[in-house]
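Next, two complexes with subunit A in common: one pairs it with subunit B, the other with subunit C.
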Partner chain A sequence: MSAFWAILAKDLRVELRTLQSLPAMVLFAVTTFVIFRFGLDRTTLEGSLAAGVLLVTVLFAALLAINRLFVPERDEGGFDAIRLAPVDASALFWAKVVALVVYLLALEAVALPVFAVFFLEEWSGLVPLAGVLLLADVGLGATGAVVSTIGANSRARDLLTPLVLLPLLVPLTIAAAGAAEPLLAAGGPQYGGVGKWAAALALYDLTFLLVGYAVYDFLVED
Partner chain B sequence: MKLKMPSLPVMALATTVVLVAAFALVFFYAPNDADQGFIQKIFYLHVPIAICALIGFIAAAIHSIRHLRTGESIHDFRSYVSIHVAIIFGTGALITGAIWAKAAWGKWWVWEEPTLVSFLIVYLLYATYYPLRYSIEDRDRQARYASVFAITAGAFVPLNFMAVRLAESLVHPRVFATAEGGMPGEMMLTFLVALAGMALLFATLVRFEIAAKQTRGQVHRLRRALDEQAPVAPRSRIAPLPPAEGVS
Partner chain C sequence: MSEETAAAPETGEPAVRARGLRRDFADVPVLRDVSFALPRGSTLVVLGPNGAGKSTLLRIVATLLRASGGELEVLGARVPRDAWRARGRIGYLAHSPLLYRDLTVAEALDFHARLHGIADPAARRGELLGAVGMEGREGQLVRTLSAGQLQRLAVCRCLLHDPELLLLDEPAAHLDPHAMAVVAPLLGPAPGRTRIVVTHDVEGGLAEADRVLVLRADGRPAYEGPASGITADEARAVYAGGAA
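Right after this comes the complex of A and B.
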């Protein structure tokens, strides 16, 4: 447990001091909104289109963080340190999942208000939408931590992670978009079907947290 | 192992017999579909291929779990070959699915058919198995990471089918009253024989691929051993042996 806190604190401290990922993610997200405004030629969004724009943006911004998640471990010998230390490798997994969720929450704390200001006329669905995004973040964290470890230890590196991760995230996107769509509906949020999709998201999170926890030892051992 | 599994020639023969029987049934025994007519018979090819591909993916996940538990590389080998053959079958399933969609609905691709869409997503995920595997140089690590991928993807398969089905079920009724529903006995029998034939083909191909790879590895080792014994170092590792020895 202390190993978990040590790694998590290390990651967050490094990010706070270097600011390598978060500003880039936020900038990327805001620019992507602008791109969507012209790509779709829409000044307001609602329903499935709004859900799609928001989720795709968050997903691709998350890829930036996921690609960089294990760079210090690979370049500065963090993996070797974990192997040498008398701690369970799963501490690394949980710490990385939580670190990734923290990054994504920080990203969404900026990107969601910006999205609302840019495109939404009806803001009352934003609070439940934040809950949906949190569930999506946990799933992104679980799959992201596993795939990023594989990517970091491969020759293809930055290429492999998005390649493997995107198909894995399709069910997450289906469920998150299904939950977000009624919340962003034109005449104010509707709640029919949100629970079903939130349950699907929770199932996705649970499955990949368990799978990640079960297999992570084999990714770190050498 | 040897006691349980029949030899490769026996399996190949059985596959040929059952597949020929299946196609004979498809063309001469099974009735034409009332709505779709003759083209519906692609069902006997498409569905068994797809089922075998999915079972291959799941089997790969089980082999991978074994590999991680025991550390024996034969399980990784089996997992790799299962995914390899399942990818080939998956390509066939997608192509036959597109042909059937064109014939039945007039379009090559139909997003409303959840099974086909799920299959495409699963296929796209497993297609990343090769770049993943071959971008890791260290042999042990390559095997371990490939197993981790196969297990993760194995858990993904049912989850993905569930999510895609949920996304469609509210809007579209199932267009086909296929397989499990009200299928006449002749069709069911034909389908089962076709499924058995395709499963045999899958198993035979897996066996063949494993045997071929093992033989190739053995030849490689023998050649290397010969090279080491040779008084003069050969120009290349795959240099042919001197003709005087008459090695075939």
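Right after this comes the complex of A and C.
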């Protein structure tokens, strides 16, 4: 656990100090909402369209952080340092998953109110929506950490990571949109079907957390 | 001088034993047929021209790179299969300092101390920073250090967990004579400490070596044996493309 906390604390400290990912994610999300607002020429959104706009924006904003997730490990010898230490390499995986979830929560703390101001007439669905987003964040964190590790060791990192990651995120997007759609329905949130999609999201999360944990040693070894 | 191969351990189980090590990068061989046995507590100095595979050999022994062929035992562990048994007992000073640039000096060393499970990181950090003449720089960001200061900090990182096996890749790089004099005793021979040192300082290397490995430009060993079996001129001849 000590290695996990050391890596997580290092990541959060460096992000707070350098602000390399979070401001870019927030700016990207807000700008995307502005583009959707004018591109769709709509002042309100509801149902599947609202869910789609929100989730696709969060997903693409997450890509900015995922692409940078292992840059210090690759460029500053972090992979070597961790492999030289008597620690399980999966500590790196878990720390990166949690760091990514923290970044996404911080992003959503800003992006969700902005989304609501731009597009929603009815805000009472936001609290259960935050729960859906948390489940989506865990899946994004797990999948993102695995794919970003693969990408970090490739010369085509900026290209490879989104190309591999986006298809893997299709099931997550379908489940998250399915859960979010009734919560953003016109006239207030409805809860029919939310549980089923939330369960699918949780299953996705569990699958990729287990896959990441199982294969991570092989990913970081030469 | 006669060429020797795969020296037998002098006493007890060697700290590092390599048999026929080979490493290819994209089918280009950079290291070929390297064999040696390094007794515990002794120093192997690796010499050879640029591109001879010296740093590659060090990365393989550090368990960071897989050999394409051959056998390797490090501190009693078969590598790569049992590499986990050797990790945490190796101190690796590489060309890259293996330090996060956006941490402070204290944070960077404490990070490595936590990875290695050091009980009192602050005390160990203070001890080492004092030893390399960097006390008072704990709050300075790593990325603001000069190359020489960074190398001294990397020495601290390398020694933090008091490793049994030191792998030193040109440890004098970026260090001025004073800094080298400060750092040399820390990286030098010590009871129970086995060292593999890559250097281009032929005379200095031979003076501190128990055993010597000279690699040719094609990655094949030109000489492997006791330091007394090769002269500086013979070692230098390999740099010029001759035989040892």
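What we mean here is this: the second predicted complex is superposed on the first by the 222 of 222 C-alpha atoms of A that agree within 3 Å, B and C clash if a C-alpha of one lies under 4 Å from a C-alpha of the other, contacts with A are read in each partner's own complex, and residues count from 1 in each chain.
Keep this in mind: a residue touches a chain if its C-beta (ideal position, glycine included) is under 8 Å from a C-beta of that chain, and two chains touch if they have at least 3 such contacts.
All figures in this text were calculated on a predicted structure; none of them were measured in a lab.
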- Thinking of the overlay built on chain A, is A:V170 touched by subunit B (first), by subunit C (second), by both, or by neither? first
- Between subunit B and subunit C, the one with more contact residues on subunit A is chain B
- Message: Let me test your reading of the model: by the given contact rule, A:L40 touches which partner, first (subunit B), second (subunit C), both or neither?
- Response: neither
- Message: One more residue to check, A:L206. First (subunit B), second (subunit C), both or neither?
- Response: neither
- Task: Considering only the touch criterion stated at the top, classify A:S2 as touching first (subunit B), second (subunit C), both, or neither.
- Result: second
- Task: Report for A:A81: first if it touches subunit B alone, second if subunit C alone, otherwise both or neither.
- Result: second
- Task: May I ask you to decide whether A:R17 touches subunit B, subunit C, both, or neither, giving the answer as first, second, both or neither?
- Result: second
- What is the shared patch of subunit A, the residues that subunit B and subunit C both contact? 221-222
- Where on subunit B is subunit A touching in the complex? 68, 121, 124-125, 128, 131-132, 135-137, 141, 144-145, 147-149, 151-153, 155-156, 159-160, 162-164, 166-167
- Query: Which subunit C residues qualify as touching subunit A in the complex?
  - Reply: 62-66, 80, 84, 87-90, 92, 94, 96-103, 107, 111-112, 114-117, 157
- Message: Please output the residues of subunit A touching subunit C within their complex, sorted ascending.
- Response: 2-3, 5-6, 10, 13-14, 17-18, 72, 76-78, 80-87, 221-222
- Query: Which part of subunit A faces subunit B closely enough to touch in the complex?
  - Reply: 143, 146, 150, 153-156, 159-160, 163-164, 167-168, 170-171, 174-175, 178, 196-197, 200, 203-204, 207-208, 211-212, 214-215, 218-219, 221-222
